[in-house]
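Heads up, the next two complexes both have chain A, just with different partners, chain B and then chain C.
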Partner chain A sequence: MARGMAPRVIFVAKFGLAIIVLYVIVALNPVNDRVIVPFTEIVARSAAALLRVVDSGIQSTGTVISSPTFAIDVRNGCNGIEAMILVCAAIFAFPATLRSRVVGLLAASVAIQILNVVRLGSLFWLGANHRRFFDLFHVAVWQSLIILAAITMFILWSWKFAEKPLARAR
Partner chain B sequence: MPYAQSNVASIVAVLSCALLLLLATPASAQVSLGSAQPFGVLGGTTVTNTGNSVITGEVGVWPGTSITGFPPGIATALHPGDAVAQQAQSDLTIAYDAAAGTACTTNLTGQDLGGLTLTPGVYCFDSSAFLTGTLTLDFQGNANAFFLFKTVSTLITAPNSTVAMINDGGTTCPENLFWQVGSSATLDTNTTFLGNILALTSIGLNTGANLNGRALARNGGVTLDTNNVVACGPLIPCPVITLSPATLPGATVGVFYNATIVASGGTAPYTYTVTSGSLPAGLTLNPVTGSISGTLTASATSNFTITATDAVGCLGSRAYSIVVGAALPPGAAGVPTLDFVGLAVLFVLLAGAGLFVMSRF
Partner chain C sequence: MPRSLWPALAKGAAGFLGGLAFWFALSDPYARLLASLSEPLVRVSERPSVTRLIPRGTELTIDRSDFPPGATRPALALMNLTFNVILLTTLFAVNRKPLGDRNILGLFLASLTLVVVHVAAVVANVQSIYALQLGPWSERNYGPLARNFWGGVAHFYTVIGVFGASFALWWLFRPSLTRAATRT
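Right after this comes the complex of A and B.
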């Protein structure tokens, strides 16, 4: 293997390994019960609080956001955790300083969660008021926006923050 | 930072990522006597006996050191201001605070307990609690049924009052019955009483009062006068048995529910039982695994207590509440952030972006 290829192979291997480790952690029953489910309830409550700005009759019970005419269930997979795992794994795998990584992890995680809460709020509003657009935004628009945001954040971080310290180190 | 050192930093970073996912759940109370379990009588300042009291259990005091009246009183062992009593007081404080923090299921303020028949639950008094006559506790066939009575102020019984059991599940000495008293407790002459009294200040048992349970006072003294006190359950120092999680997630009618209660701190294996209240309709508790599962059939809020019994008979109880929301309106569904294809696309793009940026170094 060419010497210059080694860091790239390590990056891909660490990226894949980190994804597996993080997926295993969140799949454990105690983690799911004590962390993921409460976290998902907070996500649902946050989205419901956002929605109550425009409709005071919207309730959140557990992971369900509901009104008399529409409801969504913020299940595992709807809480932005998987997108966070992928971005966190990429940031972990990318050669960078600890400080850069911590900044990247925090910024990316917070940004994805804010986006996801806005996503849930908008999908609920569309489902309650403009049902014909619900699937379009759920399947196409918001997935594209989340992917675009995640990849943009990672590129910006790796380009602007992670590269410089490594260049100095060399 | 050199690349090798960066690998260490990577581990720290991924742990930071995992920690970012961790959110503390609000604590809720649980009651476990811990090392106070062997004690029939425990005081904070003094323990004073008059007459031929018989204590089936240990007698201790801490931080005070004065235990008087033994003999003629009889006890399994005496612990005047020693380390055993100190640890028992420490665990008593934990149990007291846990009981004080447990949510009420029924408020009985202003009612005399005499003449009432109560099922397992958490009963509260905003001031004092009085017992004149007979209080009947329906254990509903469960010897470990969980009763908790909480008073902000005193607990006082009238002479010849009685706490009686029905459907007691075969027990004569209930182990999971607690009285959390905000100041002092007084059992007047010839009272026949049941349960573990956890008092902030003092406890007095007047002449001839009998207690199947414990008289545990945190800051004040315990006064005895020709009493029989029988500490229920195993007379060994029990570890504090913790039930996790502290709270359970909400549920929705028609949606499958699954959560698991896990006990720790004691000697495995544990047995889990619902000892007060009831689970929401449609849910069952697996006594071996602690799993609560099923499909909800009715909208309501259920309050209940789960007690874990370890291999040597030590107990730990925690009160839970599950809010069951109404069935979802038509159209309700999950809304995944990214489906499988979306995740795959993001994975490929992130890997590609990382390789691209690295190629520019």
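Right after this comes the complex of A and C.
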């Protein structure tokens, strides 16, 4: 277990530092008000558009998705930003070329947001139709799945994109 | 890279469901364990020591002997802090030889460390409740810096640290170095 621990510890230290710095940036009021909230509104609009495929009565106002019988407010923690921060920190901590990092970050962010819109749509449907399952899926299932997807994307990126240029460089 | 992602996905799904069942089934006794480990740490910074953490199902009721007798006691929902166990079991399940000795040892060590993380999260959240949610009492006993610090730490853990902890522990304790890890 001890063999090979040093690179892992270095990775985790860089990852931890990056995640704290990114969190602080995102938590700043001007960033939250001018970037995160408008972004969350776009996420809410996208999820509402997806839901309107099955129910035309669903609409979004700001960060709220509502129908005549149910409503959810999309807040920090539900907008996919946390998963993007995690991937961003992991990609930062992993040795790779700048181009590989940018490609990985963009691809992972798009994939996370597509999955997050599906998450919000399914949570809204669960809340409207099967309320007793809502909390379990909201807290445990979907949050874990989004982060697992983010970690999977990081692992795939580290195999596919980051490693080859480094290997060639050696 | 495995020849096919399907075996990894199947192992991940099994780990996810196993972790979900484990977490759900043990939430109540784990709340008691966290209460017994966290309460002394909260009391360390108190003169006199007045905090009691009382487990009620999956919540911790925060009581203080100096609260007015009829006042509502704040509560802390533990499931929001501990569900990263599911993430950890899923990640270890995807490793090569998930039932091998080294993987089980790694999962055990990571889980032990995660308990420490959970205790720290409970302490930070209790301090955050004290600093921000008790009105004039909070303002009398916590300055602006302390209020921002404890609020920030608790929020950080809830939003992103809860995931980052599981990922970091898996990365540290997984048994076999993948090609990716050897590059770090």
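Everything that follows uses one rule, which is that the second predicted complex is superposed on the first by the 160 of 170 C-alpha atoms of A that agree within 3 Å, B and C clash if a C-alpha of one lies under 4 Å from a C-alpha of the other, contacts with A are read in each partner's own complex, and residues count from 1 in each chain.
Everything that follows uses one rule, which is that a residue touches a chain if its C-beta (ideal position, glycine included) is under 8 Å from a C-beta of that chain, and two chains touch if they have at least 3 such contacts.
Being a predicted model, the structure only gives us computed values, none of them experimental.
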When chain B and chain C are modelled together on chain A, clash or fit: clash
Partner chain(s) touched by A:Tyr23 [first = chain B, second = chain C, both, neither]: second
Which of chain B and chain C A:Ile42 touches, first, second, both or neither: first
Which of chain B and chain C A:Asp33 touches, first, second, both or neither: first
First, second, both or neither for A:Gly57, with chain B first and chain C second: neither
Touched partner set for A:Ser66, first chain B, second chain C, both or neither: first
Chain B versus chain C as contact partner of A:Gly77, first or second or both or neither: both
Partner touching more residues of chain A, whether chain B or chain C: B
Partner chain(s) touched by A:Met5 [first = chain B, second = chain C, both, neither]: second
First (chain B), second (chain C), both or neither touched by A:Leu106: first
Chain A positions touched by chain B in one structure and by chain C in the second: 7-8, 11-12, 15, 19, 77, 82-83, 86, 89-90, 93-95, 139, 143, 147, 151, 155, 158-159, 162-163, 166
Chain C contact footprint on chain A (complex, rising order): 1, 4-5, 7-12, 15-16, 19-20, 23, 27, 76-77, 82-83, 85-86, 89-90, 93-95, 139-141, 143-145, 147-148, 151, 155, 158-160, 162-163, 166
Interfacial residue positions of chain C with respect to chain A in the complex: 1, 12, 16, 20, 23, 79-80, 83-84, 86-87, 90-91, 102, 105-106, 109, 152, 155-156, 158-161, 163-164, 166-168, 171-173, 175, 177-184
Residue ranges of chain B touching chain A (in the complex, touch as defined): 1-3, 6, 9-10, 12-14, 16-18, 20-23, 25, 244-245, 247, 249-252, 255, 259-260, 262, 323, 325-326, 328-329, 331-339, 342-343, 345-347, 349-351, 353-355, 357-361
Contact set on chain A toward chain B in their complex: 7-8, 11-12, 14-15, 18-19, 21-22, 25-26, 29-30, 33-39, 41-42, 59, 61-64, 66-75, 77-84, 86-98, 101-102, 105-106, 109, 116, 119-120, 123, 127, 131, 138-139, 142-143, 146-147, 150-151, 154-155, 158-159, 162-163, 165-167, 169-170
